[in-house]
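Heads up, the next two complexes both have subunit A, just with different partners, subunit B and then subunit C.
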Partner chain A sequence: MPITILQPSLAPPPKLRNVDSDSDSEGGADLEGDVAMGRPAKRARTQDSSIMTPGEIITDDPQWMRGHGTYIIPGASSNTILSSVAGTLAKTNKLLSVRPLRARYTPEIGDLVVGRIVEVQAKRWRVDVGGTLLAQLPLSAINLPGGIQRRRTETDELQIRTFFSEGELLVAEVQQLYNDGAAVLHTRSLKYGKLRNGVFMSVTGTGGGGGVVRARRQAFTLDISGTDEVSGSEKIDVLLGVNGYIWISKHIEGEGAAAETSGPGITRIEESVGLNVYSSQNDIIPVDTMREIARVRGVITALVENGLRVDEEMVIKGYAEAVEMAKEERDSADTLWLGGERGKRLANALVGR
Partner chain B sequence: MPLDTSTYNLALLRVDGRRWNELRQQKGQLGVQPSADGSAYLEMGNTKIQCIISGPNERDLSKSTSSASTAPTSNGAGATVAVSIMIAPFATVDRKRRGRNDKRLQEMQTTIASGLAATVQGQSYGPRSTIHISLNVLSQDGSLLACLINAASLALVDAGVPMTDYLVACTAGSTSSYAAADEEADPLLDLNTQEEQELPFLTLATLGATDKVVAMVCESRVQLTRLEGMMATAADGCKGVRDFLDGVVRDKGELMVQEGAIGRGEVVSSMDLD
Partner chain C sequence: MSSTSQHLLLSPAELAYLHGSLSLITPGPIRPDGRSPTQFRPLTAETGILPGTNGSARICFADGTEAVVGVKAEVEKTPLSPYEFVASTEGRKDHTQKKSGSRKSKKATGDEEDISMDVDEEAAGANDKIRGSPDWVELSVEIPGLRDDDSGTVFLTSMLTEALLADGEFVKKLWINRRFHWKLYLDIILISPPLSYPLPLLSLTTHLALLATRLPRLKSEADEDPMFDDDWAAATFLYPRQDTSAKASNKSSKPSSAAAAPASRPPITLLVMAVGDNIIFDPSKEELAVADSAVAVSVAEGPASESESEPEPESIPATTTKRNLQLLSVRTIDPPSRLTPPGVPNSVNAAAWGTMTAATPTTTTAATASATEGGAAKHPDARVTETEDVVGVWKAPRGGAKFGMLGAMVAKVLEREAASPRSQGAG
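What follows is the complex of A and B.
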């Protein structure tokens, strides 16, 4: 790759915090007797922003209830609610909660997640879904090859690695949550299962300047026949796991998470769950498709780097924009790279800046 | 290099030109490492720390050399806090490589881990999860423990880990050495390496701007009569540090709201109640 030298840009002017640095200011400490004792001082919110920081008093009105990201001083009789994370305040009726600026993924029932098998146990797998604890996938929560409906026997337990083994990727849904926040997954749908023919990427989880947002549809198919170099009507599946793990792969008719609408019902599951659903062998992927997969990955990286949300609309728009950019710069060697200035240009075009 | 402390009495200015109650210039940044769960960079004078947080997640601790401490909660154990400190060979004036099991480093790791475990509200994560805090000292010029605690605190906020308040720390010293037996010696705030080598000092960590002391380390001999003044000075320094860290976090949050990365928050006011 040729070396590009970016023009240096001016650093933003430093913010002056203590403007009153007169000769009389007492510096950091004050020993003249009044070291404030006792309760946390009610800090006046100097800036008129709605950002809450840890230890900040949100309200002492007893009518409010505390939600996530807040706490009350244990043992104290007062109803003072304080923030425990840095973030913005959210009100749901009388419930106060603080949404953190950035945090690890917290599973919720019904989430579509992409995960990686970390550990194989006797009757279950342990899956890394980017949360605070590993999720588990019981042997009873997967589809057997051929769609056979029966109890899982000892034979299945012995063959557990033929379904999923360590390091393999899968897409699943959160079925249940434990008290400590650990998730139980299931793959009992044609939409879910082992992943192949694609590329994995991970972006920061919920919150924190972009990342994958919970949306109506997390999995969709991109038509890449718009790029004139691609012959035929190739398609790409994009799977945006709510946990920030993303899978971009070649589309195969009647397979994958995006096939949910056209797939058969649970009654005919035997006919559609092929015998090769647990195959770890990739199909032959045309070079054009590979390149477009890489382009989609570049688009998502650019979205994250520029603090934009990652959802179906943004990815489709961003991909179309990236294809346009590539057509304009037909003569340049590398049109796939969407970092730095090019990424900024893409992001600006998307939000209309 | 001995410090000529006699000049302090003439102009009441310290070797680097500060007065007794002045903190050094501080600089802080959040999210310096986008791939980490949380990260921060903090400068206090010439002490420069980078902190990377991974977790809370479920990994075994057996392989690492970090010191771990478990958050005590009312209903059983909470998340574990594991701290590992790495001092770069180029951090000090004389280049030297430190071993992995340096006893002083291990003690600092334990102090930080237990202090943060008491501050983090780990009960929301469960006993199997661990927060790994990795601290890199890029440049070292006094108040190392205090600066490490502040950097870790800032990175934990970036990681979105719930905490009771910021855990902030500051050092305080005394203007004359123990041998001088000067009962009337003035306290000094936020010492640099030169002062640390010459004068008695302590490191004090408090919970935010309150006077709740979470950790105190004093490794030098000092008269008991001077201790109270030093502690009060350090506690006041902690307030200044907290205000600074809070400002860094607020600036970052406001920037994110401006850029539309997160939605604008709501405001609680008594008008909403009806």
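What follows is the complex of A and C.
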């Protein structure tokens, strides 16, 4: 049935968002016990779990320092700290900052990101990584096919589009940051390169709210042979870019960012590069794999829609749960659909509500 | 034809994968979001959000696109043509002949006809006095980031207008008396950036707003200057709600809610696309990017009665003969898939599979063994791949929609619509 109508429901009560303790309390004084803060500070403390709106006065006590997401009106009473974004208040010692609920990705060196080429220039590509500025990928930061690290010649510059052209997706690592926050990427590893054999989706990246969080592993392989319908031992690669761009694809042995790092050594890598790093032709993908890829995508969508974080653990657990759900209701045809009520059920099962 | 070309960049590998998964035959298409081929995106809807309008609605799709529609009405004087009285006798004859099919059905169901305007008794006797003009409806569409005279916006406007005016029944609802009529202004505003082709969203929101539209109750009689009831509570719906008792058969198990189902409904335009042999409803932007063809189909539901002169497709199941669906218009939409860049097969890809150096006379050491075999341009597969499909390589569809596919899509829309209970104005 294409349309089902649900009874309108009241908005859920605002969730109490407990501010992460890792960055707040490291070496800091316990704010709860700090009684010498006076009235404005008290006000700031009570608002910990609520949402600050842009322009809202956080405090006018001169003892506080202004951090990210806040500003001071120059001139006037310059003690007043106001919020410049919508988000939750975080305190580090005497530093006040507001963590935005939603923000664009702010790159950091070493981040694994998924990006899309939006512009090809003479010696570099401009890559959309979901940040405020486009990242750049210099021609000198990719492994050219041919096996050996060779000089970049003019010929390479001329055929720059054969490596990456507009619209193509790639996985890369942030190598360097400019002062304005723009990132420089590199793909100098067998793990990085052009993406194929799968689907792309974008969720909120690190920097605000739910979505992808920085984790130990951003890329992992899901075993889908757990579902009884799947024959053989197909696997799915899930690539959670720190910037919130996600790539879900068929796993190919020895390829992709999820490949074992214990593979060929750094010298051997250079030799084996160039097989299909720059291919844009998909392999033949079994129908079962396609279905499971769609299921994983549904799981991630459900996680995001229900405000849960997206990382390896949650995706694996969520996928197992989704497979269970599909098994329970084998008869109904739309077992892949994980939106709306089904998504809520999945999220509830995950957090044990 | 209009184009849906927004700047949606997709890589050839993504397009090839999407096309492959959507054109699967055996288990049916696998959509990236897991929906079934005929499933719509979930949405939240509310009506009556703008107190200053006669009717308004807001719909928010799960993908974040949101639209608001406000309907405003004002009384306008109908310019009386000098031929009016002459035409009232003889002109009516051809008019009657032209529209005999619909007229007949109207008279047959005269009791539940009850047009929203309180048509005075004399006029009700001669129903054909009621007429309308397409000028009585003014529709404007606003898409953020696009100019008013942008071809996309203009096309959306004309498509929605066309659906409203197609059967000529809608404007008749705006008739007050011979000298006055309502002029309806529909303001359709997309609040979010156009993340996906906004036609289904705008059409749904307009549908809902028109369902919620109320006009003040007329107190005056016949052709005198219109006087209206001040009481907004007494205002009548533009699409009159049916008696719950009369509709008991159609109402299923639902308790008689405050909002009884309207007898007829405003038109609705659905976006349907075809990939391979699969027909897919309400495509998202990624899906539309690999469509072989896309069609906007407008349907309306008349009062449940015996069939009109419109030929009904046989595919409609017998259980749903109650619903009187009319096909209003079919428009092909130019899918953005035609503008996508093609993928490069490995056989001619200079940068893949080790043949890369072959194509280029590089001076480096890499150009050794493969260079002797000849360049990629001379590769035996090179010519084949230019003309023929290679599995796993994206190629933009060429040519228009097939006639058989168009017919199948339209039939499917009528079938699905007939089978589905249309949503009512949600709180």
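Convention: the second predicted complex is superposed on the first by the 273 of 353 C-alpha atoms of A that agree within 3 Å, B and C clash if a C-alpha of one lies under 4 Å from a C-alpha of the other, contacts with A are read in each partner's own complex, and residues count from 1 in each chain.
Keep this in mind: contacts are C-beta pairs under 8 Å (C-beta built on N, C-alpha and C of every residue); 3 or more make two chains touch, one makes a residue touch a chain.
Keep in mind that what you see is a predicted model, and the values were worked out from it rather than measured.
When both complexes are overlaid on chain A, the residue A:91 reaches subunit B alone and has no touch with subunit C.
Once the two complexes are laid over each other on the shared chain, residue contacts for A:166 go to subunit C alone; subunit B is not touched.
Of the two partner chains placed around the shared chain by superposition, subunit B is the only one that A:307 touches, whereas subunit C remains out of contact. In the superposed model, A:291 lies in contact with subunit C only, and not with subunit B. In the superposed model, A:122 lies in contact with neither subunit B nor subunit C. In the superposed model, A:10 lies in contact with neither subunit B nor subunit C. Subunit A residues in contact with subunit B (one complex) as well as with subunit C (other complex) are 305.
Every residue of subunit B that touches subunit A in the complex is listed here, in rising order: 18-23, 31, 34, 37-38, 55-58, 74, 79, 121, 124-129, 157-166, 170, 187, 189-190, 207-211, 229, 232-233, 235-237, 239-240, 244, 246-247, 249-254, 256-257, 259-268, 270, 272-273. Of all residues in subunit C, only 9-14, 16-18, 20-21, 24, 26-27, 30-36, 38-42, 46, 62, 281, 340-341, 343-346, 349-354, 356-357, 360-367, 390-394, 416, 419-424, 426-427 touch subunit A in the complex they form.
Those residues of subunit A lying in contact with subunit B across their complex are 15, 17, 26-31, 35-41, 43, 47, 49-55, 58-59, 61, 63-64, 69, 71, 74, 82, 84-91, 96, 99-104, 131-134, 180-182, 204, 207-210, 305, 307-308, 351. Touching subunit C in their complex are the following residues of subunit A: 1-3, 5, 8, 116, 118, 145-148, 150-151, 153, 155-156, 159, 162-163, 165-169, 194-201, 274-285, 287, 290-291, 294-295, 297-298, 301, 305, 333-334, 336-340.
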